[in-house]
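By letter and in written order, the chains are A, B, C and D; residue numbering begins at 1 in each of them.
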Amino acid sequence: MVYSKDFLLNLYKTMVKIRNFELMAEKLFLEGELLGFIHLYIGEEAIATGVMANLRKDDFITSTHRGHGHMIAKGADVNRMMAELYGRTTGYCKGKGGSMHIADFSIGVLGANGVVGGGLPIAVGAGLGIKMKKADQVVVAFFGDGASNTGAFHESLNFASIYRLPLIFIVENNHYASTASTKETTAIENISDRAVSYGIPGVTIDGNDIIVVYEIAKEMIKRAREGGGPSLIEAKTYRIKGHFVGDPELYRDKKEVEEFWLKEPIKKFEKKLFELKMLNEVEKKKIWENNQKEIKEAAKFAKESPIPSNKEALTDLFVNDSGYDY
Amino acid sequence: MVYSKDFLLNLYKTMVKIRNFELMAEKLFLEGELLGFIHLYIGEEAIATGVMANLRKDDFITSTHRGHGHMIAKGADVNRMMAELYGRTTGYCKGKGGSMHIADFSIGVLGANGVVGGGLPIAVGAGLGIKMKKADQVVVAFFGDGASNTGAFHESLNFASIYRLPLIFIVENNHYASTASTKETTAIENISDRAVSYGIPGVTIDGNDIIVVYEIAKEMIKRAREGGGPSLIEAKTYRIKGHFVGDPELYRDKKEVEEFWLKEPIKKFEKKLFELKMLNEVEKKKIWENNQKEIKEAAKFAKESPIPSNKEALTDLFVNDSGYDY
Amino acid sequence: MREITFAEALGEAISEEMGKNPTIFTYGEDVAKQGGIFGAYKSFSGKFSGRIFDTPISEEVIYGSALGAALVGMRPIAEFHFADFLFTGIQSITLQIEKIRYMTGGQGKLHLLLRGPDGISNSAAAQHSESIETIFMHTPGIKVIIPSTPYDIKGLIKTALREDDPVICFEHKMLYKTKGFVPEKEYLIPFGVADIKKEGNDVTVVTMSRMVHESLKAAEELEHEGISVEVIDLRTLVPWDKNQVIESVKKTGRLVVAHETWKRAGWGAEIASVVQEEAFDYLDAPVIRVGAKNVPMPFASTLQDFVTPNYKDVINAVKKVLR
Amino acid sequence: MREITFAEALGEAISEEMGKNPTIFTYGEDVAKQGGIFGAYKSFSGKFSGRIFDTPISEEVIYGSALGAALVGMRPIAEFHFADFLFTGIQSITLQIEKIRYMTGGQGKLHLLLRGPDGISNSAAAQHSESIETIFMHTPGIKVIIPSTPYDIKGLIKTALREDDPVICFEHKMLYKTKGFVPEKEYLIPFGVADIKKEGNDVTVVTMSRMVHESLKAAEELEHEGISVEVIDLRTLVPWDKNQVIESVKKTGRLVVAHETWKRAGWGAEIASVVQEEAFDYLDAPVIRVGAKNVPMPFASTLQDFVTPNYKDVINAVKKVLR
């Protein structure tokens, strides 16, 4: 495939944006600015970016506790994201959700999810809804290797298969589920082999190679959009940072982490872009600096945004709350 | 393999016992003698019988809502079973369980289960316990094709595989889950293919051929007992009777049922025994008559047994119920 | 007015709304071919092609998919087969459906309906007899309706199918075949409005579902003894009609709350607590609760009868508050 | 006496019992390598080789396997990571563990312990902040312990590990690091015996877990105003110590029940209902409940604070019952 420079640089910029957002979130958390749990997507940027480059605005995704990358790649506003991490009224959830519950239904993000596997049944429902409406949208469900051992995974893939729903299941196999290594808790090497159980295509790819991700996602999304039904893509990657910011990481060797820093997706792609002469050091620097500025401004916007007032806690549960006793 | 006449006739007798128990339960239910739900095992007798012929008394099984056959094959007392269907004090559960909850821990029956898939996690736990004890028992988990679409199935097989537990998963694929045909609700033809997801052996067999069942179960049980870990056996069969006694059966063609009556396991085995000259009409008649008598007596025993007194309702929840407010 | 069954009234409500609103569809185990586990969908089987279908036994996805479908603009009705099996997929309700609108700062409308049977029947035993509505009153985020008559279920289900919030409806197994008057003309019943099923002056009985009928039977018997009982059917548990209950207690000075679910930490405790808090000075006697004994449901019918409350328990409770 | 943390006391209890009883083993997500999600197992990591291990994220099997293991003679301790995730495997508890002994007419002993954190922490938001003990009080068949101090958790866990009935233990996240006196010598705390954490004469406050400390703080402040509050820590919710509570209410004539979980249909309603029923004539004021507002837990810390009860709410409630 031949790709335009614009296209490739956009992919690059999105990855950089995710990276900088995450680095800022990490910094702010460690400085005590943010509360709750922050799960960083650092090292996994190619997956969200490569997949989302194939989606329309009116397509849907469900995300996970590690959802910032998915949001940004689907087009979310980093100001409102950062404000949500800060718990401010200008945040995506008016400060009621926090990192693990950011959503933007207007761009098809049906929510991060604090429950491992929790997004899968929702994605199936979105697919079912699309099918009932006879629309041509698709749904992409992101989830982790750990989630692939939950009952929700199994029920969702079977369900999606029998009704041929327009769904793409993307398992981000980052080698760990919290402190547990994937090897230890998952009976097989390649999670995509589980596709056999549902009679759907399953493929394992290098999730750190954005072009590979883009191409496979393209194929499976096209298939789903045309009525071919669901598929399972396993994107192998590595969670370079701790499970959450502050994780003591007692369960793995520092060496292992260092090794994977060498294979991380942004540098990998950069190398390619340099080879293709689509990027040079000057341009690269500019991209990073521009983005860092954007993210810094997002943090500033967030920090300066108002803290929600108490009465905010007693709204939004229902559309119609007459008679409800808060 | 060459089998002794004794051995084969014992298998035959067990199947006949199950059949007659079920026919009696059906009759009693239709006469209004029994309450609750009765799910008949008619047409599936070869599976329980063939598997259990390989088990020791101290091995364990978990069963389903369709559990009478499993109990009988594992050595349960038909008097106490029938008394339980009647809800009498002499029943296995003192009348508190009924058909769907018969258990006899003393012979390793860890319970029928009214929750589809409900027995699977329990079986895993029994396997885990055995492993912790370093004992050489095995656990057999019976469940239906419908259960193979529950989250419990997936979690259980993965769990059993990673700890190499001494478990044999036996899916009784009887073509239906209540009113839903298996084809319609299960994404693949052979449920045993799902073994791939767990890196364990999976095999589909003719569940109406008792010798086939016996041989495959033998192999997998030996494997489990020797530390080889779990396996998945799919025994294809057919639920000749309604889902429960009283089922209007709106969902299938009478013809289909008639067809399967021709393939039912007892007749199939009978034919073989006749060919082998291990059984003749006279002996057959005697076996059936003897057994019918036994079952009739069980029904009589049950019917004449005492009805539980009200205070019975407030016992057995806890071993130590001091302070508990019933 | 014509008399139809509870199941028929339910079927009518769904069928009428499906006829009007193409975004409604309905699914679950044994829904399509059997017409619903207790036959409620029979009347319109074959009518809404593709909009009624059977599913695998995958409760977490059955409930969770209702959420997803609502988020993309559809209005799903998911059946839960037996209330007991809500437990096999309950995270989709308590952690997702109940929370997502709130967590996302009010994004989206969750017009979805979960519905199905609960309660005892003929010796269905411990895993097929539960009533677990209290859990959905305790965990915030879903509206809970529990109709007791054909008239009520038709009006409440129709309202539910026009609501923009998630609703769960519990239908007592022993009610499906009961008959009652239902107008041909369309009507809706708002949530949060209790129905005084019988007026009275001496004691208030607050109840729902099958226990409404037991309470009416008790009231009738007590009438012979000169005791006048007011029977209030809440009809919806979230929200519940606190005002009418308190008004009634101010009149009678005595309250019994009766439900089939376990007495301990059942919703009767909430009603009792609120009433004693807000109408303390009006109460001439403690609030007495009637509920199941705190054990799983036993199989034998004598034991089931012993554990499950009936009109006699209501009578005893009424007499107790009158002492 | 030495001071140790709540987490350490929990670890000691488990480690001591594991040392004595080879049938005990413990497992769950992030249990072995991390030493438990809040570090309770750290003190004995590496000690009981093969008897502490990490599992996949498969809650239905984690809880259900505890049942199976108990039935074959072992004594499992399964950790539930966060109380919220009880919902992803709850059928194994409510439909299996709670019912199997009863359903089978008393066969088998279910010596198993489920345990893990619940409650709020620093803005963990709606899916990581719940307290759902009320569900296990409502559905019969499991004993519920909720210790508030290092002393109590050690004694109660040790008792749990010698019980032949299933037990679930909720440990409030904000308590793990709190310190308290714990004797070196072995002791057990029986179930069903409340602990009067502070004696008083004017008002009784019945509470558990984190709210014990909030209530003590409230009592201290109120003392300055001349109000004498008796703080009763139930310590175990199933069974709960009705006698001590009623005795106290007979003395004070006033009752506040305080818990962190949602007020609506929370266990406070059960306590309030029982007390008004059994000590009606002793009550000088209605029983007032303190609990969380009936919404999912919001993220922003100001909102979390607003929704979650604290000592100020207890003070207000006490003042209310004194009016």
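A few comments on the model shown:
Methods note: a contact is a pair of C-beta atoms (placed from the backbone, for glycine too) under 8 Å apart; a residue touches a chain by one contact, two chains touch by 3 or more.
None of these values were measured; they are calculated from a predicted model.
Taking the mean Cα position of each chain as its centre, B sits at the greatest distance from chain D. For the interfaces A-C and B-C, the C-beta contact count is higher for A-C. Separation between the centroids of chain C and chain D, computed from CA atoms only, is 30 Å. For the pair chain A and chain C, the distance between C-alpha centroids works out to 40 Å.
Centre to centre, using the average C-alpha position, chain B and chain C are separated by 36 Å.
A straight line joining the Cα centres of chain A and chain B is 45 Å long.
The set of chain A residues touching two or more other chains comprises 93, 95-97, 101, 113-115, 118, 149-152, 155, 158, 162, 184-186, 317, 324-325. The residues of chain D that reach two or more other chains are 55-56, 58-60, 84-85, 88, 91, 95, 102-103, 125-127, 140-141, 264, 294-296, 298-299, listed in rising order. Those residues of chain C whose C-beta lies close enough to touch chain A in the complex are 23, 25, 50-51, 55-56, 58-61, 63-74, 76, 89, 91-92, 95-96, 100-109, 140-141, 143, 163-165, 191-192, 238-242. Contact residues of chain A toward chain D in the complex are 35-37, 84, 87-88, 93, 95-98, 100-101, 113-118, 146-147, 149-152, 177-180, 184-186, 248, 250-251, 307-308, 310, 312-314, 317, 324-326.
Remark: chain D residues 29-30, 33-34, 54-60, 84-85, 88, 122-128, 264, 293-296, 298-303, 306-307 touch chain A in the complex.
The touching residues of chain A, when paired with chain C in their complex, are 60, 62, 91-97, 101-106, 110-111, 113-115, 118, 120-130, 132-133, 137, 139, 151-152, 155-156, 158-159, 162, 315-320, 322-325. Chain B contributes residues 149-155, 157-158, 161-162, 184-188, 193-194, 196-200 to its touches with chain A in the complex.
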